[in-house]
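Input: a single structure, listed below in structure tokens.
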Amino acid sequence: MTHPALPRIAASFARQSMMQTLGAEIVTVDDGVCELAAPLLPAMGQQHGAGHAGVTFALGDTAAGYAALTLIAPEREVMTAEMKINLLAPAVGVRLIARGRVVRPGRRLVVVTAEVEAEAVDGARKLVAILQGTMVPVDPL
Amino acid sequence: MTHPALPRIAASFARQSMMQTLGAEIVTVDDGVCELAAPLLPAMGQQHGAGHAGVTFALGDTAAGYAALTLIAPEREVMTAEMKINLLAPAVGVRLIARGRVVRPGRRLVVVTAEVEAEAVDGARKLVAILQGTMVPVDPL
Amino acid sequence: MTHPALPRIAASFARQSMMQTLGAEIVTVDDGVCELAAPLLPAMGQQHGAGHAGVTFALGDTAAGYAALTLIAPEREVMTAEMKINLLAPAVGVRLIARGRVVRPGRRLVVVTAEVEAEAVDGARKLVAILQGTMVPVDPL
Amino acid sequence: MTHPALPRIAASFARQSMMQTLGAEIVTVDDGVCELAAPLLPAMGQQHGAGHAGVTFALGDTAAGYAALTLIAPEREVMTAEMKINLLAPAVGVRLIARGRVVRPGRRLVVVTAEVEAEAVDGARKLVAILQGTMVPVDPL
């Protein structure tokens, strides 16, 4: 059975051209949780060919945002107010998996965290970044 | 006259496929300062067509990293250890301009900030994000 | 001439027992700016006798909060939603000076920064920390 | 059986006058983990009598630092390079409990998180803050 917020999240996700450009997909949606994955593309590298920090950030931030969306009123959206990332290891491998999680839901502010792992060709995963930030529920534009 | 670190920065920048994908360019390099610019591309949007936070982050983080590179030994590189972004306004307009600045250079840690502005078609600029973080000098791979 | 928000800020400041315990005082209040100072007390040290990071944080965070208070409706208060601090040097000397500044005011969120300097016995100042964070206007309890 | 790092941590903790002023104590030390507790003192309040954010920060930051100390060489110390705190609820109750945890140990940087809970008179606990930051191993002064 799918989560009631999945259709909203899938529709929003489909409108994010950045997610399409990254080749990202939705893996899991549950109460206060969202997992996304994206291939580590050659076009998104830093100077040594690892994934750029901007890609790791984009995936982690987006997963955290959709985690927040599962816990707010259906007619509302969320925007990132602020986000902090600690990079633990280069993003090398075949794909990134980002898992966002709500730490404290709220009507005005939703505090979130995310973890981003890099998956090697043999399926082994390594934690490459952690994020902590704030989402703000807003009325749709 | 160009800054002595510019050739190193330009060479590193050219190897970052993410910067090419974003269409980014180097605007200014000076002691402890680096300014980058990139068009706001349709392929890099969030769900309402504004630039994705990941793009704003990528440009600000990269500008901050090259600002740090101007103040470290020529044979070394820098990596982002951590970075925090506060998003102030949607990234709408024709291009983004990111200005990175070193607040405190150091042999082990370089503390940096960055500001990212969005430029409208008439040239008007609006501050859309501020960043604060830490770069770590490392030996080349 | 004093700033119209000064009486509100002074009254709030006087109710913060932490500020009294630190021996802190208000130095300057202006639109979007607040400067506080506090002696570096022996009772507030870390393991080597420098000021504890918690003291540097407390003073910077409070200065940022009152900077925000100068730009919101008189009947409202602010709370810290989140704050990030980069520590640049040990807090040694005779006193700390924290200068908070509003980067973007807003009805729902106020983005702020702060700088904290340590002043030596001869009056020389050194930047020891920078902060970046978010204040939230709230109705009084 | 006590953790081998406990004597070092206890000695360092005893030298931190700020921890004595807060009335803080060490609750648990284990590999990559440290838990501290401190009463919510009347002298450490904000304008409504809740614990000041600086106290919550100080306890969380210190717990994270000692968590890092359990995983580095015995002759070294750690310093906070940067720390970000999201405040989730006012610090009200009889005491604060901070649990620091190492996310990624390293020779040059140790990435840490911490959670701070407020405990009511009936023993009920509420999460009031989460922290994410970086400790730097250094040689003793």
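Per-chain numbering from 1; labels A, B, C and D assigned in written order.
As a convention for this text, contacts are C-beta pairs under 8 Å (C-beta built on N, C-alpha and C of every residue); 3 or more make two chains touch, one makes a residue touch a chain.
A quick note: this is a predicted structure, and the numbers were derived from the prediction, not measured.
Of the two chain pairs examined here, A-C and A-B, it is A-B that is joined by more C-beta pairs in contact.
Seen from the Cα centre of chain B, the chain whose own Cα centre is farthest off is D. In whole angstrom, the spacing between the mean C-alpha positions of chain B and chain C is 29. Here the spacing of chain A and chain C, counted between their Cα centres, is 33 Å.
Inter-chain spacing, taken between the CA centroids of chain A and chain B, is 22 Å. Residue numbers of chain B whose C-beta contacts span two or more other chains: 81-82, 84, 86, 111, 133-134. Contact residues on chain A toward chain C in their complex (touch as defined above): 81-82, 84, 108-109, 111, 133-134, 136. Touching chain A in their complex are the following residues of chain B: 12-13, 15-18, 20-21, 42-49, 52-55, 57-59, 61-62, 77, 79-87, 141.
Touching chain D in their complex are the following residues of chain A: 84, 86, 88-89, 103-104, 111, 113, 127, 130, 132-134.
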